[in-house]
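One chain, chain A, appears in both complexes that follow, with chain B as partner in the first and chain C in the second.
What follows is the complex of A and B.
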């Protein structure tokens, strides 16, 4: 029976090229920059290794204060996000609150609103002198002192929370949607009261999501650059991110920036590790299956107060900021009442025609957005396909690497890329390429998570069925996998695009005059006090964002906050 | 029409050996059921045959072609097989006609018109004529099942593989589809490997049944052979309900357990531990005092512990006097005893089937 010619020949090891490609991508996106970051942080003039930079940054009282401020900010933002996000999630997921759809849409809007735009808006709303709310207050009461001052730590916490609580909301609303009412009713029938049910059944079930949402909110606050730069710097205090940014002011202190970046990186990694462990035990929350019905809870007389509270939050997050931006865009002097004489389109002509930097920045932003989203969507689709179909040995590592950049805050990434690509062999500083790499790295985890869900949703049996009928793997990819994955891949594209056009914290360190993007121009306009132009550009950015969100929701057939039903 | 031969196949998942030295032959044109509980390795075996998995040891031959060995595996698309999946795996973005026609795209020299004609004909065979332009999402479970069958048969495969194809259907439809699949097999006579955990399904559909336990074949044979002469306790208990009595062999045809002594069909080694299987309906019940029906039959006495009326039969649990044995007995619903009644039991020696040592043969 030994007919050698009939025996199948071993094929090429197809995992090899995939591995090479993954290793190469990883090298450019992460290993090289982070390696340089560590190396520069311990480098000594004339060679050798030193911890002097670490000693310098940790001994400096001003830097220690920045560290402390960041911790205070992150902690309070985490708590406040829970306080706002958790009740909203419960109200919209489980009760008969009127206007749930509107609230959910507004939360989505605040999720995609660039936080620094919100911060600008709140400068116009609650700045101590000209802020709209304060002028109203003075007119009403005749008092001299302002009602609120946004240029304070509480003000900063308030504004950051407005655009961070959606992280808690998303975690919680998707978890609540998984808990069947049966579980709660089972407790009720055994004699537990309403409060007892909430404390003994519901709360333990959502606790992992709650803790996880808290950590996500803290991470956002830790990594945020725009809002502290707009609100904390005028108030005279720094956070880690603004401090790292100021290291780049003349004369640049790159080594100290590196030494100051690493603690932030480690803190982020640690928090994510905790979150993973907390969520790792989530298995028991994902109860559903048969009879997994969720009955709505009647709020009774509390319906209208609850709705008013929810709308109040969304007014602070969306309605008031968007309103003041629109007003500023259309008026000669944003602080004056909107009368016919104050109405103008001059801000638009100034922004798009007269102000030199804008047009190039919009082109740059769109180019980078399209390029990053396209390359990124293809890359994450390939990586997710390889990982979910277990095509190579060590496919878990592929998934891990794709998600790893999530631990790198934008500012830290920028410092690392700045160091790595201002020196041979790769001098990319001053080109759009370095921004492209930064954006790609930063958006890789988001895009990967989206793609992973897409390919998990396509059973491998659908591909097997075609293989056995005579189609090769590539043919099946074209005939079966690609058509089914298309909407998911477009969604990943949209996620990445939205992330790129609003990116500030890495751009602010990596841009040069020739490579400015919209967010950087908005930030620069602040130095010139051009609030009208800021508003116009900000609204343009929002319009781009919401157009992309609309496209994605159309393709996905649901909203982007997560699976519902 | 070739058959399939599996020689000493092994496949591990991590530390778990899903298939361990499995050898099995499917005769040309035969429908063989791979029967076993979940985790016995039957689906792994099927996926090995399909070429989705590479064996760690052993070979798979179809006719005179070696398709799988640890060194190399012929890709699934070049095996001239077709497969029907538990989930049906219909492509939701293709119509019924496109789903069924897909495999024909890879038949060189088949003109489009001929292809369409074959699709139409096959849809007629599975009673889905007129459904060509529907999408799978618009069909019922049974109709989806028929599309999956049509898609597999239309390519005229050398080997047909089925992975629990009926487990997603409701009970009535499942029964109907059993006969349907058997009818199609008789019409096309394709060499078929059919994976199921449902013994009734295996018995209706297959020519022969291979019972799998922990990655090995424990017994192969026709449905009657497996039911009437199970080789091990595992097989006896997996195929239908049974009473297994363990004891010590007194002679080649007698088994003792405490005060119980049973004449059995034979094949025991005197002095050794032994076990026999007695099917519940092979035991006759009568009021005490009635004579046994044959002189050699085992005559026992017992007390009815529980009687359950099941409509066409009665299911008893009878404690045998002077022993710790409780026998399950199923009788026609003609004469009924109640709990606490004393009864006489009669068991023919031929009904006491000697079981081999535990574990795969």
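What follows is the complex of A and C.
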């Protein structure tokens, strides 16, 4: 067949196999591991099916405590994230607060900061005795008791919230940006005070976004591994994720790990279902209208206290942790003042020159980051394209599958992949491939959401025009759609890349000494207490992250927190 | 340093008599293999130093070092074998029970480094599969800025005093072989009840037996209830306000074996590396700069460290350590919470 004779044939588009293949890949990433997970959780030695593992994990008081701890952690992180994220969003979106740009940039920084680095930094800031803040507190007040003890449940909630509230912030700031001021003004004219307006008009309008943000924050807290491992274990308590991880310790109890994973999986799925319901009711005329005007609310005398509060939050989230990391990286003993005699570059030479594992881990991390982001960005672009253009029967299923991995917490995904890929026919454990699969699966939903927005933003009319002129679907994709979708696809790439280089909760179960990544090396060093080297590697990871953020902002022409338009 | 080492090697070879040709063959074969993969629980900077010394002595043979806690090493080795991954050449942990098990499972290669016949009995496997590379004892340590010598704990039982509540740190037997050995030794001396009472003092839990030294030095917790004494010694030498106490009831002795795997992908490099690490020079290096004890009879120790012979040593039987491995981890977690 020559090029000239090619004509579009409706019904027999030859791109169809491409979509089917993509759908199959998804099924393979999800169905096989999860199938194994369920199967192993009910497996019996010598064959047969048993619920013994479920009974074992649910009857063990220590495991029940871990379950309870996780619920307490997640609930309070959800509430605290609203308490911090909602006012910040309102202040930066709707008021005349000074320094809004700075605050927004800092929220973004907190959004991309690996939570386990934050937790590690807070060990140095608020360890009850040696922590910098507590040392200062004692010197100032002369008291014996510490200001904060970070190795407690409230301490853990505090630190996790610092890196989780941006999820609430994003949900809310983007909703607030869409609410027209008319209703609020009407209420004001009718005599409602500023607070009255906020409570009776604005609040109901943003309630779905609030609930949704709460659920997102809860999900983050449920799935987190690094922060509880760093802050809860020293205090002698487990969460579900650290408990699942410790099931892998010798002698391993993989069946129990599988059985303990499923409650977490179900809880996540349930919460997302609720979120979908809540968001699904978002039919307000007032939200979503672009035409209405949004007037800035004058804060008056409250401007400065409000700014101070916002900056205080961001100091806890960014300024103090980054500062103490830098200090630890440059000092011989992190708890001592940074005097000339304590100043050293030895941590850098140790990390980058002496310790061979670092270079290999950085290379692995970058390789995985680039590979996952590239394959992922192309995959989500194809999937979003097929779903938004309704190209195959059951395109809704494609969208559903692409978003489905969001219900799988990293640790659970890792357990499933470990089980599925340490046995024939696919022995991938010990290779970078298993980490690649884990990252790809985990990042798929984020990337897909980004791509979906991109393709929705490209009018189908342009593609139709190309088709009328005789181009095939793939050619249109290349010549018309791809150029328009370019910046959106690069943004998806960056999102995935950032997610991959900081990934810990799945990596910690799937790595082998030959396939270590940066986050795992940091965790290894943490277990041995090598603070200086951790700080150096942590700062390296942050530098990589912010370079990617900068790239994305350049491409998008806006920051990554913004509403998808 | 390399010349000295070569001279030492020559001397050894002369004693061995006629083994020189064989040894050159080993070096050649090892060079062809190009590297040795070493899973070790030796403190990271110490392990790096040892690896660098080997690489300097044998240019062209790289040491691929993977450091983590003893119990994690066993976990990794077994997980890899389950997936049929064979990467590790030399295994070195502080849990002697591991080596009993690995030997029983036929996962170790028999290899006797030259000179180890002169080591004390506790350092040698009677079947010739593994040998103690180094030894340490568990000790108590405290921060001298916070705790005076007079009020410092002198015995293991002193740590049960409620005045230490919230002021102590322990490492974890689920991570560290040094601590697993320590727990068993003290259980045999004082019973599990001791740990139950100790846990009532709300200890901070860290993982590695190297970590309590850092925690005490920083002042985060002024007292460490366990930890390799060599890590305390090193941090004290660096000028940190740390003092070591060797309780009179006896100190748990931890002899950390090393062995070559039966499936080693680099068997010659593994043998060369093992022989090198049992040589006088390396054993002396561990004693001098790291404050470790060794089984080598010719090694001299820093004057400011007690001799092993001056200490009342609590030893544990590797077989028992293996048999009670799960019990140790389980009960510790039960008492301390995680």
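Keep in mind that, in the parts below, the second predicted complex is superposed on the first by the 524 of 565 C-alpha atoms of A that agree within 3 Å, B and C clash if a C-alpha of one lies under 4 Å from a C-alpha of the other, contacts with A are read in each partner's own complex, and residues count from 1 in each chain.
By our rule, contacts are C-beta pairs under 8 Å (C-beta built on N, C-alpha and C of every residue); 3 or more make two chains touch, one makes a residue touch a chain.
Keep in mind that what you see is a predicted model, and the values were worked out from it rather than measured.
After overlaying the two complexes on the shared chain, residue contacts for A:529 are found with chain C alone; chain B is out of touch. By the touch criterion defined above, A:468 lies against chain B but remains apart from chain C after alignment on the C-alpha atoms of chain A.
When the two complexes are overlaid on their common chain A, residue A:62 makes contact with chain C while staying clear of chain B. In the superposed model, A:196 makes contact with neither chain B nor chain C. Judged by the touch definition given at the top, the superposed model places A:427 against chain C, while chain B stays out of reach.
Once chain A of one complex is fitted onto chain A of the other, the partner contacts of A:337 are absent, as it touches neither chain B nor chain C.
When both complexes are overlaid on chain A, the residue A:305 reaches neither chain B nor chain C. Here chain B and chain C are compared by how many residues of chain A each touches, and C touches more.
Looking at the shared chain after the overlay, A:17 reaches neither chain B nor chain C. Look at A:483: by the touch rule set out above, it reaches chain B but stays clear of chain C. Across the two superposed structures, the residue set of chain A contacted by chain B and also by chain C is empty. Interface of chain A with chain B (complex): residues 1, 3, 6-11, 459, 461-462, 464-472, 479-480, 483-484.
Within the complex, the chain B residues that touch chain A are 50-52, 61, 64-69, 71-79, 81-83, 85-87, 89-93, 102-103, 105-107, 151-152, 155, 161. The touching residues of chain C, when paired with chain A in their complex, are 37, 39, 43-45, 48, 51-52, 64-69, 71-72, 74-76, 78-80, 82-85, 87-88, 166, 174-175, 202-208, 210-211, 213-215, 217-222, 238, 240, 325-326, 329, 333-334, 336-338. Considering their complex, residues 62, 127-131, 151, 232-238, 242, 246, 248-252, 332-335, 350, 354-357, 422-423, 427, 429-430, 512-514, 524-525, 527-531 of chain A touch chain C.
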